[in-house]
Amino acid sequence: MTLVEILAALFPEGHSVTVTDGLVSGEGPFRGGRLAVIGIDGDTALGVDGACRLARDVLDVVRRGDRTPILVAIDSDSQRMSRRDELLGLNEYLAHLAKTLLLADAKGHPTLGLIYGHSAAGAFIATALATRALVGLPGANPSVMDLPSVARVTKLPLDRLEAMAKDTPVFAPGLDNMVRTGAVQAVLDPDRPLAEQIAAVIDALPADDIRDQAGRARGGRPVAEEIAAQVVRDARLG
Amino acid sequence: MEKLSFRHTTQKALPGAKAQAITGVVASGNLEVLLERALPATECTVEIETPIRGYGDVWAAVVADFVARAQPGGLRITVNDGGARPDTVSLRLLQGARLMEV
Amino acid sequence: MSGWRREREARDARIEAGRAHAAGKVVAAAAVVDLLEAILRPGDRVCLEGDNQKQADCLARGLSQCDPGRVHDLHMVQSGIVLPEHLDIFEQGIARRLDYSYSGPQGGRIARMLYGGQIELGAVHTYLELFARYFVDLTPNVALIAGVSADREGNLYTGPNTEDTPTVVEATAFKNGIVVAQVNEIVDRVPRVDIPGDRIDFVVEADKPFYVEPLFTRDPAAMTETQILMAMMAIKGIYAEYGIRRLNHGIGFGTAAIELLLPTYAERLGLKGEIATHWALNPHPTLIPAIESGWVKQVHCFGSEVGMDRYIRERSDIFFTGADGSLRSNRAFCQTAGLYACDLFIGSTLQIDLSGHSSTVTQNRVAGFGGAPNMGSDPHGRRHPSDTWMKAGREAQVTGDPALMRGRKLVVQIVETFGEGLVPAFVERLDALELAKKIGLELAPVMVYADDVTHIVTEEGIANLLLCRTADEREQAIRGVAGYTEIGRGRDRAMVEQLRQRGIVRRPEDLGIEPLDADRSLLAAKSIKDLVHWSGGLYEPPAKFRNW
Amino acid sequence: MSERIIDPAARGWATSWYEASARARIDGFLDAGSFREIIGPEQRRMSPHLPLFDLPRAFDDGMIIGSGRLDGKPVLVAAQEGRFMGGAFGEVHGAKLVGLLRAALPLNPDAVLILFDTGGVRLQEANAGETAIAEVMRAITQVRAAGVPVIGLIGGRAGAYGGGGLIAGTCSRLVVSESGRISVSGPEVIETNKGAEEFDSRDRALVWRTMGGKHRRLTGGADAFADDTVEAFRQAALDAIARAPAFDLTTLEAEQRRLEERLARFGDCRDATEIWTRLGVNDPEAVPALSTADFDALLANLGETTHDAR
């Protein structure tokens, strides 16, 4: 689905969501209230300027004090790789954006990520992965790094990596693998009304971060949950 | 990865009461050594995982010299190797034994 | 017409042809190719200056762009084959025959080209040997050299990296040859005259400053405990034992570790003023802490080192500097100093065989020699005594009249038993022999011959070969410090133990050194930044060595 | 007979943070003998994935966690070993930090300390690493919201790159040394993707003045600048705990203003030296060579680099 199709499906009565320089922002009527939307469209890389603008939009929603849910719709590149972005402290801008989403969530705004295209690395962590729950649409393609690049860095032959990727979700790119890792809670059905599905996810948002539980149940992260739980069990102040 | 395992008998137990120690880091040309006081007083085992295949004889010689020199009786020693040279291995084993004697 | 001035007349004609592309002596960088095509003749002997440090790179690029129809079959007689252009000219037919000394980064390509017959090789020399032949049978017709600046008369300032230039110019200019100098800038007045203008025929204003490789910079951050242990053994087991004051160091990490242990470990051993006071050495950044701590009396240099110029300028009590204040180096003199006036050479190598022959040649690389064999040999022409030299002589003396005994220079190989990628440093047979056979060298490229080596230091111990009395003892002494290499594991343990009783093989514990004390905290500087601090901000390291 | 020539206590110089292993940093940093490791190496909770790639594993997966005391205060601490797989986040590595942060909520320590040393996500376990980073960031905000400061310390070989840079940006306070680097894309990554004209990764002076500790401290990307010693980091951490900002709307609105102002003031700068000039530094070329004391004096004169907006 394209962003236009997604917005049309969510807001049949119309909306104020605009896309400028690949940055998505606005809102529309939703279940008697509003649904705020921020995001990145068109495989756009996220740099300092974009992260700053999206964060401001999130803070605007939080400042209003209601409990408007926030949808983070993502079809992005990775973080923008440039000398200027790093010079200006891209890590702070991306972290700030993630923090605004996490604050919104803590303040009672349901936050929901929706990945409908690509996303990778810092852009992914700062946006869709900083929500209470992340869902995907078929065809979405999140990745940390594409396999040819992994092959270059790990010095392993590409065909061997491709073979390994088939039954090792922990490193291979793609939506299915992120589902199995637990990062993506569910894949929506494009043939069913989208607004209903989004509403259902929002109504059933988990109270805690259960991504590691899902990762274990789905086999994509076999040990993370157990390790984290053991740490909580064993930790004592000395 | 190649797995190697050696078992030696020593003349005595390694002095000291420390239950375990770790030294070194798994990095290129380096290794980590975990030592645990877990065996009868005159036994010592050394288990190794190394990414460099075909150096079993060298490992055997390094471990035998270490055992003769340090008399690490009672120790279960486990090595994660990152491709260290024998002299580095030898140094880390001795460092580990000394940490256990404290 | 007299038959005794033909060289001079030919020279005049070439200069005349070259003047067409010059304003007086000055040639624009864009006219280099025209100039070279005008002054060069097929079959000329050409010295294209370059060694393991500075490079006449603008002239090298120019030569490689000459028309092989006009300039061909040159005989290159030069210290270094370092730049790609140095070999390109052989592929293009511009050059055919080669006599050289050092090849470093081009070692692999030179081996392939020798094997493929693209180069007709005279010999691989040591620096001094090649310099010597410049004055006997390899005198250049044309020398292409590099300097920092020149005036319009050709007076040349070579700057801190003088290196080979005086030697090359001496041989060329005084035997009817032509000298072309590339300089970074033309000035009204040079800071000091390193080469008088009447020896320089053309001055090319280069498009960019000549390249210098920071070959002698060793980052203390990369120094390992093993190298520190070896350095401790060398200091306690050799420097202290023989009282070594006059010396030369190679460029490896082991010797750099020694330099960094002088103000710490050696200081605690009470050796200050007793060892390592007078040096034939490039300005190693790792020597800064020892200099600053008052260990070093003086240093003469082959060349300079990138980033060290300001420091040297402010330490003229230690270094040789000109009236302008900057370093004056000279490779030929410093090599001679290393050969005759030093009591010890210590350096690293890639392979040592069971007799003690060593080589830096591997199966696919001809690295050349540079100066190590000059420093790393016992000069039979030496006639002045020193305590060190005499002590070594006594150890080596087997038979004969003690009154006719002469001393020995200490030639020490300091090697880790395994190199990069677990490649053993000790071998049955040097790869150099295989390579010589493969590419048809009459003489195998041996760096230091066994009869010159006196000690081998490894992390396992020191082998004193002076004290060995038979070939068998020598082999077992070498095996006895060869660690866990196949050579080391093949030792006769009982015999090595006997050699140890006689002090021929010495372990760290025999020297009172605990291997576990070999810690990086012993290094006087643990990073390049520490070296900058030691220098009071005078050392300016190249960007690639910075982490701040 | 061997003699011990070097008495470690009498060496006369301090342990370098940059050079120390993660374990040595913890040992020197916390009150002597107070560290209690959680999931120690003897439990051998190693990566289940690295063997697939024929790569060696570490007993602690490069993440050492536990509790201890800092000047008597109970703290939780996590340290990355930058030499093992570049300190990168894998499944076990990340889960240990997630668990530690979750444990902070019931235990309520005086602080959680994260000793960063990471290149980002471990490619061989990329999805697990990336998800763990997201989990860590969420957990940090929860710990901060509960009133427990989370202090990041950056001065290791690997710096704080990739997701490590994002986690750092989520902490209450950051202490950095000159060697410390904080960034998202590494120099080589930028060069590979955008060419050497955009970023020459071999120009190390450029790397450090773009991503290094001094630049980050000058621009407010870090809150304290420490000498490269374990003791200096310990002192700086103690100071940081005492004055950590809350995690609330006020703080994030202040951070929003701070970051917007940075874009407006410096957004057209090509090089760090231009930024430093605009900050009021008289001799920007001299900054990289300044000693810590001189650099602190410079910071005091500038007066606008310290803030609570994080």
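Which chain is which? They are A, B, C and D, in the order written, and residues in each are numbered from 1.
The rule is simple: a residue touches a chain if its C-beta (ideal position, glycine included) is under 8 Å from a C-beta of that chain, and two chains touch if they have at least 3 such contacts.
This structure is a prediction, so every number in the text was calculated from the model and none was measured.
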item	value
Most central chain, judged by mean C-alpha position against the global CA mean	D
Mean-CA-position distance for chain D and chain B (Å)	33
Chain centre separation in whole Å, for chain D relative to chain A (CA means)	25
Distance from the mean Cα position of chain C to that of chain B, given in whole angstrom	41
Computed distance of Cα centres, chain C from chain A, in Å	59
Shared-contact residues (touching 2 or more other chains) in chain A	none
Of all residues in chain B, the ones touching two or more other chains	83
Pairs of chains, among all present, that meet the touch criterion	A-D, B-C, B-D, C-D
Interface residues, chain D side, partner chain C - complex	1-6, 8, 11, 13, 15-16, 18-19, 178-179, 202-206, 208, 212, 214, 288-289
In the complex with chain C, residue positions of chain B that touch it	52, 55, 57-58, 61-62, 83, 85-88, 91, 94-95, 98
Chain D-touching residues of chain B, taken from the complex the two chains share	1, 20, 22, 25-27, 30, 32, 34, 36, 49-51, 78, 80-83
Chain D-facing residues of chain A, complex	48-49, 52, 55-56, 59, 62-63, 79, 81-96, 98-100, 102-103, 106-107, 121-122, 124-126, 129-130, 144-145, 150, 153-154, 156, 164, 168-173, 177-178, 181-183, 209, 211-212, 215, 220-225, 227-232, 234-238
Chain D residues within the chain A interface of the complex	34-36, 38-39, 45, 48-49, 52-53, 65, 67-69, 74, 76, 91-92, 94-96, 98-100, 102-103, 106-107, 109, 121, 123-135, 137-139, 141-142, 145, 160, 162-163, 165-170, 182-185, 189-190, 193-194, 198-199, 210-211, 215-216, 219, 221, 247-249, 252-253, 255-256, 259-260, 262-263, 266-267, 269-272, 275
